[in-house]
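Look at the two complexes coming up: chain A is in both, with chain B in one and chain C in the other.
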Partner chain A sequence: MPGTPESENPVITMSFSVEGRDFKASGEPSRRIKRTLEQIGLDWSVVRRASVVFYEAEMNIVIHARRGTLRAEISPGRVVMVAEDEGPGIPDVALAMREGFSTAPAEIREMGFGAGMGLPNIKKHSDSMEIETEVGKGTRVVAVINVPRAGGAKTRGG
Partner chain B sequence: MKVKDIVERLGLEVVAGKAGLSREVAGGYCGDLLSDVMARAKPKDLWVTIQGHQNIVAVAVLTEVAGVIISGSVEPEPATLERAEREGVPILRTPLSAFEVCGKLYAML
Partner chain C sequence: MGRYFHSVTLDRDKCKGCTNCIKRCPTEAIRVREGKAVIFEERCVDCGECIRACPNHAKSALTDKLDRLSEFDYTVALPAPSFYGQFRRTSTPEAVLRALLAVGFDDVHEVASAASAVAYAVRTYIRRGEYKKPLISSACPAVVRLIQVRFPSLLDHIVPIESPMEIAARFAKEAASRKTGLPAGRIGAFFISPCAAKVTAAKQPVGRSTSAVDGVLSMSEIYGLAVKHLRDPYEGPDLQVAAASGIRWGRAGGENAEVGTGELLAVDGIHHVIVVLGEIEKGRLADVDFLEAQACVGGCIGGPLVPENPFVARANIKAMADMVGDRPVPLEPGELDRYYDSGVFFMENRIPPRPVMQLDDDVAVAMLKVELLEKTVNDLPNLDCGSCGSPTCRALAEDIVRGLALETDCVFKLRERVRDLAAEMKELAEKVPPSMEQPNPRQSANAATEAEGA
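Take a look at the complex of A and B:
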């Protein structure tokens, strides 16, 4: 029905633990989430935006934190990305959101990471984003990607 | 045009991912910052980079590029080749600079 808010109970939840500095496994959680989004038949544009959001959040844990979890909560109206980590936290969130600002060390930058685009990319490719962080403890990033319904009021395929 | 046609015409060395050589190529992207490539590369692009570490394979899979051209005679890490082989992502090497590869690729597509 038009105007009816989507259920917030996720239909599918996927959760992966992510280890800091484990570049060997990195990318795999994002990729499995992406494959699931494709399998349930979401629009390419949603899948593409979600890929960027999950990958950037995953790499933030790999680059900056000791460990963390990457979670996808998928419901008919939206895809929610939750990244929680145990790590250094972000002392100045506004600064971290500024494109080009990065605290990544040189050896990470040489790999093409740490360009100061991670959080801005998550914001740009999601419909809403929230950061909770505590210096010395960790960071929680939640980003929501809304799934537009085909044909407005009709459900998919209707 | 397919990846293998470009391999032939540019004389690229196929170092991994032969299984993906018949993929269709529709465009290209050049970049070494992975966040930039994640945000801008399109499916069926050929991605030109000087990064040789294994994370390029994850980015290639997520962006669905047709393959990766490593320019400037950069030697990819063995882990990159293993991962690319597993995923069937063509990794193509060339002594040409990124500028030269992109110029030639642009003219072909």
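Take a look at the complex of A and C:
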């Protein structure tokens, strides 16, 4: 498809609202995003990393916030995850980034969630991550996963 | 035969074109076209769900026939552990194996015995090796193929050790060759299978180029022949050597019980397997060392080619295993270590992915198709009725963007179009050229009055 560079770099945006404590519906947005990434045919390593990033971000909203949105911005070169919530915010981001540190209530830990790996996992599986947070208001997490520029049919042209 | 061999096949005459199989297929591999089910071969994992789902018995598994035994000078039956589960406690594991000789085999080699060896190899691999947690069992070929098709990013979690069936065939041929002096090529190893997936695994293995298994026979068929010979007189050495722990592989949980090392998780039923694999893909369950995953509910005793129902079979397996008792596994640890180090347990090749989800080879085109797909899904009724021949509205939308279906394949869409067209036709039917217009009596009367008034 010949065209301007812009038309060769389309972006697909998917947005889902996520309710706090709704464990029944949780996982569905991440699953839908993962399926779309597979349909686009991005590298499996990207799909795998993105699955972890979106899922952890979604669960963070479910576990900690009142409500929020999970958004995916997908382009051939990168996948951007944006998670915004209305919730308690994070008083100490450095502490929250530490593996195993968790403020999840006991009943949630009982369910096997809230192991204090959410934010560390997002960081580990993305190429860059930013957190903006305000105590008592909410949190916005943006993570970027770059698609490796490997050879092969998927990255033809350019 | 196309690029993929499949054991699961369709009897076109029996197929009524209903929606039972398309709804149950875990990889959305079936469509109804021209009144008959059609399988997309690149998507099919031979799990056998459709065989179970079909009310008309139109789906079946292609298996070898017993007359293939005549192709070899010496034949060995390889009964799957689930085979013992087909017999009530009035029989014994030894009697079951003897009955197989009466059916026409020259020898019997229990897959249960190879299962114990495989468990030893997996244990050793867990203890010695560097691996990605969790390791996923390679024993169920439908699960391995499901991972190729739907979870390619988990392929490197599959333990690179061959299945008990494959190991049994090799051990059996080695032993038979020693016993008879025949070359391995003249010895036929026949697996007695609970499922279609094992047929495919023998005809088109994924971890190696060729399988040591020469033929795969349906357990139901062999059961029917063997059951008559359970009380036949027999003179000869005892055939039954496998340990109880190997026999228990026939049902869900048996494999994990014998692996017995580390944090273990077991899942059975392909739709449940999908849920657990999805969890692993999301990064959960990283604390698990080994996952036993079986496509059939209840494990191999729940296979589509098994005559007994899985609940009775589970009780039978327990009874048979208890009869055998806790004897040691047939191979000595030293011998097993030698085998392990020689590499016989390991697959030759990496298992390749079979990605089928991608809408186009070109990422940019695929992205356009994704957008079109989402728009198309929103326009469909999302009742997932299946009348179009695709399992869900979303699957139909995928088929439409792939160019395999039309929006009017949807009966609701078609009806909408017909209604709009009918309305348009009615409107057109009422239109008449002015030259042919009939004077409206009232209007013309009014016009006359007006003319008079003027």
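What to note about this one:
Here, the second predicted complex is superposed on the first by the 142 of 158 C-alpha atoms of A that agree within 3 Å, B and C clash if a C-alpha of one lies under 4 Å from a C-alpha of the other, contacts with A are read in each partner's own complex, and residues count from 1 in each chain.
Basically, contacts are C-beta pairs under 8 Å (C-beta built on N, C-alpha and C of every residue); 3 or more make two chains touch, one makes a residue touch a chain.
Predicted model, so just to flag it, every value in this text is computed and none were measured.
Contact with chain C, but none with chain B, is seen for A:Ile74 once the two complexes are overlaid on the shared chain. Of the two partner chains, chain B and chain C are each touched by A:His125.
Of the two partner chains, chain B is the only one that A:Lys24 touches; chain C does not reach it. Of the two partner chains, chain C is the only one that A:Ser45 touches; chain B does not reach it.
When the two complexes are overlaid on their common chain A, residue A:Thr36 makes contact with chain C while staying clear of chain B.
In the superposition on chain A, contact of A:Met111 is made with chain B only, not with chain C. When both complexes are overlaid on chain A, the residue A:Glu56 reaches chain B and chain C alike.
Within the superposed three-chain arrangement, the count of touched residues of chain A is higher for C, of the candidates chain B and chain C. Of the two partner chains placed by the overlay, only chain C lies in contact with A:Ile12; chain B stays clear of it. The residues of chain A shared by its contacts with chain B and with chain C are 27, 30-31, 34, 51-52, 55-56, 112, 121, 125.
Taken together, the chain A residues at the contact with chain B in this complex read 23-24, 26-28, 30-31, 34, 51-52, 55-56, 59, 111-113, 115, 117-118, 121, 124-125.
The residues of chain A lying in touch with chain C in their complex are 1, 8, 10, 12, 27, 30-31, 34-36, 38-42, 44-45, 47-48, 51-52, 55-56, 74-76, 112, 121, 125, 153-156. Chain B contributes residues 32-39, 49, 51, 53-59, 61-63, 79 to its touches with chain A in the complex. Looking at the complex, you find that chain C touches chain A at residues 152-153, 278, 281-284, 353, 355, 357-371, 373, 398.
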